[in-house]
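Can you read through this structure? Questions will come right after.
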Amino acid sequence: AGGAEGANDGTGPVQLLVFGAPEELEAYRTLVAAYEVAEPGAEVQLVEASDREDLIARLGTSIAGGSPPDLFLMNYRYYGQFAATDAIEPLDERIAASDVVDPDAYYPTAMNAFQWQDRQLCLPQNVSSLAVYYNRDLFEQYDVAEPPADWTWSDLLTTAIATTRDAGGAVVRGTESEGGPPQVAVYGLGIEPTIIRVAPFVWSNGGEIVDDLDRPTRFTLDTPAAREALQNIIDLRIAYGVIPTDAEVEAEDDETRFLNGRLAMLMSSRRFTTTLRASAGFDWDVASLPVYANQVGVLHSDAYCMTRGSGRKDAAWRFLEYAMSADGQRTTAATGRTVPSMIEVSTSSSFLDPTLPPANAQVFLDAIATVRPLPTISTWPELEDVTAGILENALYRGDRLDDAIREIDELTRPIFARGEHAAD
Amino acid sequence: MPPTDVAGLRLDGVRAAPGDVEVLHGLDLEVARGELLVVLGPSGAGKSTLLRVVAGLQATTAGRVEIAGRDVTGLRPGRRNVSMVFQSHALFPHLTVIENVAFGLEVRDVPRSVARERATAAAAAVGCAHLVDRRPGQLSGGERQRVALARALVREPDVFLLDEPLSNLDAELRVETRAELKALQTRVGATMVHVTHDQTEAMVLGDRIAVLRDGVLEQVGTPDEVWRTPATTFVARFLGAVAMNLLPADGPVVPTGAPTAALVPDRQIGFRPEVVGLGSADGAAGVVERVDVVGEDAYAYVQLDGGPTVAARVRAVGRPAVGDAVTVGVGWPETHLFDAGSGQRITEP
Amino acid sequence: MTDGPVVDEPMVDEPMIDKPMIDKPVVVERDREHRALGLMLAPYVLGIVALVLIPFLVTIVMAFADYDLVRAPSWVGLDNFVELADDPIFRAALSNSLLFAAIAVPLRLVIALGLALLLHRRAAAVGTARTAAMLPYAVPEIAYGLLWLWLLNPLYGPINQLLRVGGENGATVLGRTPPQWLTDPVDARAAIILMSLFTIGETFVILLATRRALPGEVYELAAIEDATGWDVVRRVTLPLMAPVLVLLLLRDAILSLQISFVPALVVTDGGPPPYSTTYLSLFVYRNAFEYLRYGYAAAATAVMLLLTLAAVALQWRLVRRLRWLGRT
Amino acid sequence: MTDGPVVDEPMVDEPMIDKPMIDKPVVVERDREHRALGLMLAPYVLGIVALVLIPFLVTIVMAFADYDLVRAPSWVGLDNFVELADDPIFRAALSNSLLFAAIAVPLRLVIALGLALLLHRRAAAVGTARTAAMLPYAVPEIAYGLLWLWLLNPLYGPINQLLRVGGENGATVLGRTPPQWLTDPVDARAAIILMSLFTIGETFVILLATRRALPGEVYELAAIEDATGWDVVRRVTLPLMAPVLVLLLLRDAILSLQISFVPALVVTDGGPPPYSTTYLSLFVYRNAFEYLRYGYAAAATAVMLLLTLAAVALQWRLVRRLRWLGRT
Amino acid sequence: MPPTDVAGLRLDGVRAAPGDVEVLHGLDLEVARGELLVVLGPSGAGKSTLLRVVAGLQATTAGRVEIAGRDVTGLRPGRRNVSMVFQSHALFPHLTVIENVAFGLEVRDVPRSVARERATAAAAAVGCAHLVDRRPGQLSGGERQRVALARALVREPDVFLLDEPLSNLDAELRVETRAELKALQTRVGATMVHVTHDQTEAMVLGDRIAVLRDGVLEQVGTPDEVWRTPATTFVARFLGAVAMNLLPADGPVVPTGAPTAALVPDRQIGFRPEVVGLGSADGAAGVVERVDVVGEDAYAYVQLDGGPTVAARVRAVGRPAVGDAVTVGVGWPETHLFDAGSGQRITEP
C-alpha cells in the first residue's frame, strides 16, 4: 500500500503519507515545495489517503508488506496502535543530535502526547483545541450578542436558542414536540456527538473521561459531573432542538451547513479555518469553548512519525527537521490549517495574521494552556467508533442517557483491556 | 360438445409462411366431426406446416381456421383444444414418461391421482407401461415416439393432430397402435388429422386421404377414390408401394379392350404393377431387367422394347428371372387415363 | 468394462449443473489421450488451485492467531472465535449479513428472472435491456456510492423529493414521512438492498441467455396443452433453467456477503448507529485494516466461509426442490 | 399477418444471444395478453431503468461541471475533458487500463474456458473445481489484497521464495533475479493481472454450465467424423457457446475497467512510480474522493463509458467472427 | 484397403449396457465386406444400441468388435472409419446443410473446394440440392433426414451404419433413395448395417437380414431364408405387412396335403395371409370379421368357428364383405411348423 513504490534502498523520494481536505493537502504540497526549494536535490513524495481509515489501512498493509512510507502524519489519538507494535522509529537520538529541532521550542503538551514509553516517537506538527466558530453576519442579522470571552455553557445554550430560526427569521425550537416536523431554517449550533467533543465539557464540569489517563480501564462517564455535561449536550437536541436532526446532518453535514449560512455556530478545531477562508461568503469568527467550572480544552495534535521500516531514514529526518523548523512551521501556518506546535511561530504573525479571519485567532493559543490530552492507548480508534454510535443514538434518538453510558461502559471495557499504553 | 352438423375442422384459403417463404398456398379443407383424415405428400410438401397451422403454432398469413365450428384463427394453441404429436416426438426432457403423459391433464387441473391413472392407461395402451419412470433420454427412438403418442392420446380434444406418429415403429406394433388409434377415435368421436407416408396406414386408417403437394391439395377423397380414381398423375404415382406405371397412350403397351379413340398421343395411360399381366405372348414385348422379392410377392421391372420400363407384381414363387423375355399386358378397366400436359385425369370419353 | 471407448453416463450425482437437453451421453476421447491432455494442463490447474487455495488457507490459519500486521503472529487457539461469539458488533454484522442475503439474494434473482422471462422474446427489448443492464458496470462502484448518497439524501434527494410530490409538510401523499434512508435502521437496510438491485444486470443477462437457449419445442408442447404462464414457468422453465439458477443463487449468496461492502462503507458507513448496516465484510475490513486485528478479522472471515458452505449446502437442497417443482 | 397467434421468428438481428439449439420458433401468448402482462410489469421495469439510468446520466452531466461535493457545481463546458487530454496521469491510467483489458480479459476467458472444457466431463472434478472456483468469493476482496501483498513480497513472499528455490544469491535457477512484483513497473502490472486470474471462478462455473448444457448428440456426430480436439472446439463448441462467451467477454471487458481497482489500491497503490498500476478506476476514485474533484472524475468516468461502448461494439464484430469460425 | 477375405464387420459376444441395464446380451455377428445387412427388430430390441456399439459411441461390457479385420474394441469412434446416420437425424444446428454434409470431409483435411463439391453431390443425390444454404432449423422432417443421410454418404468409410435413415420419407423418395444407397454401396464396396422396420426395404435392400429381439439375435439370413424359413414364431410373425397366421397344429385349419403325423397338439402351424385361400366350401369355416383394403389388395380377417382369427390377403376387387361366411384353406408347402412351447421352427419330419 502506501509506500509500495520504490525499493527501500535509500534511493528515491522520501514518502510522506497524509490525508485531509483538499485545502490541507494543498498545505502539505506547499510545504514539500518549499522544502525542495530550500534543499535542492531533495525529493519528497506526498502519498495522499482519502481519510483517516484509509490512511491507517494503507499504513498497516504497507508495513506488513515490507515497504512502508518513510513518514506519515497522524493524530496522537491514533498513533498508539503503531507505537505499540514498534512500527515507529523513536526520534530521541536524532533530536539530540539535531541542531534544528529543539524540543523545548514546542508546546510541551503536544510533545508529551507523542511520547511512548518515555521515548519521543513523533514530532507534533501542530497543536490545537476546539473552538466555537460563529457566523457574525447571522448574529448581526438576528441581533444576537456575539459570544463573550469567558462564556459558560448556559450562555452557549441561550445563544444557540436565540439563533435557531425559521425561514421567517422567528425563533423556533427544532423539536417535534409541537407536532409536525420542525421547520428550522437556521440552527444555532453544530456539534458532533463524539467522545472528543464531549471530553472538554466533562472535564470542565469536574468529571473525568477515563479512570486512569496512563492506564485507562474504562470510561467514567457515569460520574455525576460527566453525566451532567453529557445530558446538557443531549438536551441541545432533545429538549431545545438547537442542533440539526440526524436526517438533516445526513442531508447536509454541519460544516456544509455552516458554510451555507444555515448554522450559527459550529464547534470545530483549527482545521476548519482553511475551508472557511476559502469558501465562506460571510463574516465569521471564533470564540473559546464555553466553560462550566474551569476552562479546559481537549488536545488536537498531529505529528510526523517515521516508520521503523523506512529505508531512507536520514533523508526523511532532514525533511522532518525542515517541517519542524520555524520556516517549515511558518509555511504550514500560512495556509491557516494549523496552529503551529512551535511556540515562537504560533505567536508570530504567520499564525496571527490580522489581515485574515478569524480575528479572534488568539483563542486557539489561549486554549493551549488549558488543553488536556485524551489517553494514549493502542485501541483508541475502536473506542471512538464504539462510543460514537451510542452517543449518536442518545443525541438524536433520545436513548436514555444512563442506558447509553452503561452500554458504553460494557462495550468498551474489553477494548480497554486489550489496549497497550504509552506509559507501560 | 359442438353440434354434430358442424365440421370438425375447416380451413378456408389458409396460407402460411414459416421462415418467410410461403409454404401453404391457400388451402381449403373440411374434415367432418369424428372423421380421420390422412394427409399424404412428399417430403417438404407442407404437411407439418398444415398441422402447425391448425394447432396455432404457425401463424397464418391469410385464411381462417375453424375447429368444431369455432373460428380459432386468432386463438392461441391452448385455446384450440387440440392434441398433437410432433414429428420430432418432442417430450419434456426433464420429466419422466408418466409426468410427460400426465402434463396436459395436470395443467388443466385434472386431479393428480386421476391424471396419473389416465396417463398410466395411455402409456399402457401404446405398450410403454414398463417405461413410466424413465426420462426421455433413456428411451429408444420407438419408445419415445410411443410416449409422444400417449401424451396426445391421454386427452380428449376436438382435434388430434398426429405428425407421422408411427414412423419409428415396427409393423406389428404399428398394426396394434393403429387399431388403438382407430378405437380411441371412435370412442372419443374426435376429428383426427394424421400425417403418414405409410401407404397401408393411410389406406387402412383413413376415412379420407388428402394428398398435398408443394402446399396445394392435389386430391381429397376416400382411400378407394384416391386409389382407384387418382385425380392427377402425381396422386396416381404417389400411392402404391411401387408407383403406378405411366406410359404414353400411343404405345407400346395397349390395354386390352381399350377404345382406340382414347389412346391419342397427348395422353398418358397408367396402370399399377399389381394389375400387370406378364406373359410369354400377347402384349408389349420386353426383357426383365430387375426383380425385387418382397415376401410372397416380387416386383419385376420389364424394359420394353419401345424404351420405357414397366413394373409388374408377380408371385415370388415362379417369378421370372432377370433377362427373361416377357410380354406386358393390362386390361382397359384397370387402366387410368391422364392428360400428358397437365397430368389431370381424363374421365373416359 | 473393457479398455474401450468410455462413454460418460449422465452424472446422476450432479444435480447442480445438468444437461437437461442431452439424451445421449457424450463420447470422450480415449482414456490414454485424455490422460496426456490432463498431464499437459496439470501445471496450469495446479497454479490456479494454488492461487486460489493459498490465500484461502492463510486466512484459515490466521484465524487462530493474533496478528497486528507488524509484529509476528502469535498463536491463540480458539480465542478469536470465543471473542467473536461474545462480540455484539460481530453479532450485529452477522445478522445484518444474513438478513441481507436472505432478502436481497432471492429478490435479485426473482427480479432478474422476471425481467429475463418478460424480455427474452423481443429482439429490440433484449438489445436495449442488455445494454441498460450493463451500464452500471461502466461506472466504478465507489462513484455510484456517491450518487446514491445524493439520491437517498433524506431531505434533498430526488427519491424522497419524488415521494413527497403531492404530500404536505414534507410528508408523502399518504401522509407518511418518506423513508429516512440514511438514519433509520430499517430504511437504511432497505436502501442497501435497493442499491444491490443495481447490479442484477449481469444476472439478468445470463438468465436471458439461458432462457433463449432453451429448446422452443418444449414450449410448443406446453402451449398446446394450454399451460398458462405460471404453469409454464413452474413446470418447464424453472426446471430447465435450474442448473443456471442454482449457480447464480450460489454465486449471489456468496457475493452478498461482500457486495454490501462498498455501499455500506460509502453510503451509510455501517450506520445508522449503532451497526444497522455493518455487514460482515465491513466488520472484517475494519478489524483488519483500521484496528489492525488481522487474526480476529481472519476468524470472522472463517465464519463467513462457514456460512458460504452452509449456503452451498442449502442450495443443493433447493435445487432438488426446484427439480421437483416440475414434477408435481 | 392476421391477428392470430404470433410466432417469433429466429431473431436474425441478434447474433449475441442466440438459440443455437432451437429448430422451431417459440410460441408466444396472444398479443393482447402479452400487452396486459407488460403493463403490469411496467412500473417495475421503469423503476429499474430509472435506477440504472439516473446515476448514469448524473455522471454524464457532472462531467461538464466543477463540483467539490460541498459547493454547488459550476458549469465548465468541456474544460474537464480538455484537462483530461493533457493530464499525463490520466493518459497513464488510460493506457494501463487498456493494456490490462487487452491482456487480462482474453487470458481470463481462455483459462476459464480451458478449465471448463477440461473438467466438464468428470463429475468428481466438476464438483471440486466448482467449489474451489467459488472459494475466492468467500473472502473479501480487500482482505485478499493483504494476502497478495504478502505473497508478492519481493524478499519474503512465498512466490519469490519458490522461484528462488535452487537458485543462488537470491536469483532463480535460471540465474535471473525473481520478479520485483511490487517495484518493477512491468512486474507489478503482471502481478495485477495475476491477481485478476483469481476471480475467473465465476466465469469458469458459468462456462462449465454452458458446456454441460450443449447437446451430446452433436459431439457424437463430431466423434464419428474423427474431429480432433481442436476441430471440435473450433467448429462445434465455440460456435455453440458463442452467445455465452460473448456475454462473458463483454462483462469482463467492462468489469476489467474496475476490477483492477482493489488490488491496485491495496497492493500496489497505483505504483510503482510514477503510475504503473494507476488504472482508470483508481484515477476516478482519487479525483473524486481524495482530491474532491468530482466533475473531473465524472469526465474520466465518461471516458470509461465511451471505452465500454467501444468494447461492446468490438465484441459484436467478434461474435460474428466466432460464428464464422464454425463454417470455414 | 483390407484383404477381401476378412469380414467387413464382426461382433464377438458383444454385451452392452447403456443406462446400466444390459441391452445386448452377447451378440455374435459377421457381416461380409460389401454386404448390406438389414437389422430388424421390435422397438427397444437394441438395434440402435448395436449400431452405437459398432460406432464406438457405446462402450461394450464384454466381447469384441472388428471392422475390416481390425480389432476396434478399444478405439474411439473417429478411428473406426465408420459413417453413421442417427435415428434422431442429428445435425449440427449451427451449420448450414452444405457445411453439415462437408463437415466430415473438412475435419479430415479434404481440401475445402473438393469437400464442398462432394458435399454438393451428396446433397443432390438425396434430393436436397436446393436446401444447401438452409440451417437444420429451417428444414422439414424428411429434409433433415435426407441431409443426415447425405452426411453419412459423403464419405467412403469401412462401414455405414444407418439407423432408420428413410423413416420419414414417402414411398417414392424411399424407392429412389434406396436405389441410391444400393448403388453407392456397390460402388464403394463398403459394409452397410441398416436398421429399418420397413419390410419392403428390408427385403429389397438387404443381402441378409438380422432379426434382433430383446438384445438377442433370433435369426440371421438372406431375405428369402428369413421369409421362407423363419427360425422362430417371433421371426415368422415379425415379417410381413400383416403378420403370419399362427394356429394350433391340431385344427381348425388343416393344410391340404399335410402329413397327419406333423399335426400334433404341441405344435403350431403358420401361414401367411398371402397364401390363404378363401373359398365358400372346403376348409375351415368362419365369418369375415373385418376387411382392410390396401390398394389393389385387401386383408380379410376371418373369425374361425374354432375361435382363432385368420388374416387372408384377397384382391380388393371382389373382396368378401364383413359378415360373409367363408372357408379358409392353405396348402401344406406354404405352411410352417413350430414347436408350441419354444417357438422354434420344426423342419418337417
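Labels A, B, C, D and E are assigned to the chains in the order they are written; within every chain, residues are numbered from 1.
Rule of thumb we're sticking to: contacts are C-beta pairs under 8 Å (C-beta built on N, C-alpha and C of every residue); 3 or more make two chains touch, one makes a residue touch a chain.
Given the structure is predicted, the values throughout are model-derived calculations rather than measurements.
**Q** Taking each chain's centre as the mean of its CA atoms, which one is most distant from chain B?
**A** Measuring from the centre of chain B, the most distant chain centre belongs to A.
**Q** Based on the averaged CA atom positions, which chain is farthest from chain E?
**A** If we average the C-alpha coordinates per chain, A ends up farthest from chain E.
**Q** With centres defined as the mean C-alpha position, give me the chain C-chain D separation in Å.
**A** A distance of 17 Å separates the two centres.
**Q** Take the average of all CA coordinates in chain D, do the same for chain E, and state the distance between these two points in whole angstrom.
**A** 56
**Q** Quick check: how many Å separate the C-alpha centres of chain A and chain D?
**A** Chain A and chain D have C-alpha centres separated by 43 Å.
**Q** At which residue positions does chain C touch at least two other chains?
**A** 20-25, 27, 29, 69, 217, 220, 223, 285, 289, 294
**Q** Going by the contact rule already set, what residues in chain E reach two or more other chains?
**A** 19, 56-57, 76-77, 88
**Q** Which parts of chain A, given as residue numbers and ranges, touch two or more other chains?
**A** 57, 61, 64
**Q** Can you list the residues on chain B that touch chain C in the complex?
**A** Contacts found on chain B: 55-57, 76-79, 82-84, 86, 88, 90-96, 99, 103-104, 107-108, 112, 136-137, 151.
**Q** Taking the touch rule as given, give the residues of chain E at its contact with chain B in the complex, in rising order.
**A** Where chain E meets chain B, its residues are 19, 40-44, 47-49, 87-88, 127, 138, 140-143, 145-146, 163-164, 167-175, 197, 199-200, 203-204, 223-224, 227, 237-243, 272, 274-275, 292-297.
**Q** What residues of chain D sit close enough to touch chain E in their complex?
**A** 10, 20-24, 217-218, 220-228, 231, 235-236, 239-240, 323, 326-328
**Q** Residues of chain D touching chain C in their complex?
**A** So the residues of chain D in touch with chain C come to 8, 11, 13-14, 16-29, 37-38, 41, 44-45, 48-49, 51-56, 58-59, 69, 111, 114-115, 118, 121, 123, 126-127, 130-144, 146-148, 150-151, 158, 194, 197-198, 200-202, 205-206, 208-209, 212-217, 219-220, 223, 229, 243-244, 247, 250-251, 254-255, 257-258, 261, 281, 284-285, 288-289, 294, 297-298, 301, 304-305, 308, 312.
**Q** For chain C, which residues count as touching chain A in their complex?
**A** 68-71, 83, 88-89, 153-157, 169-170, 177, 180, 182-183, 271-275, 285-286, 289-292, 294
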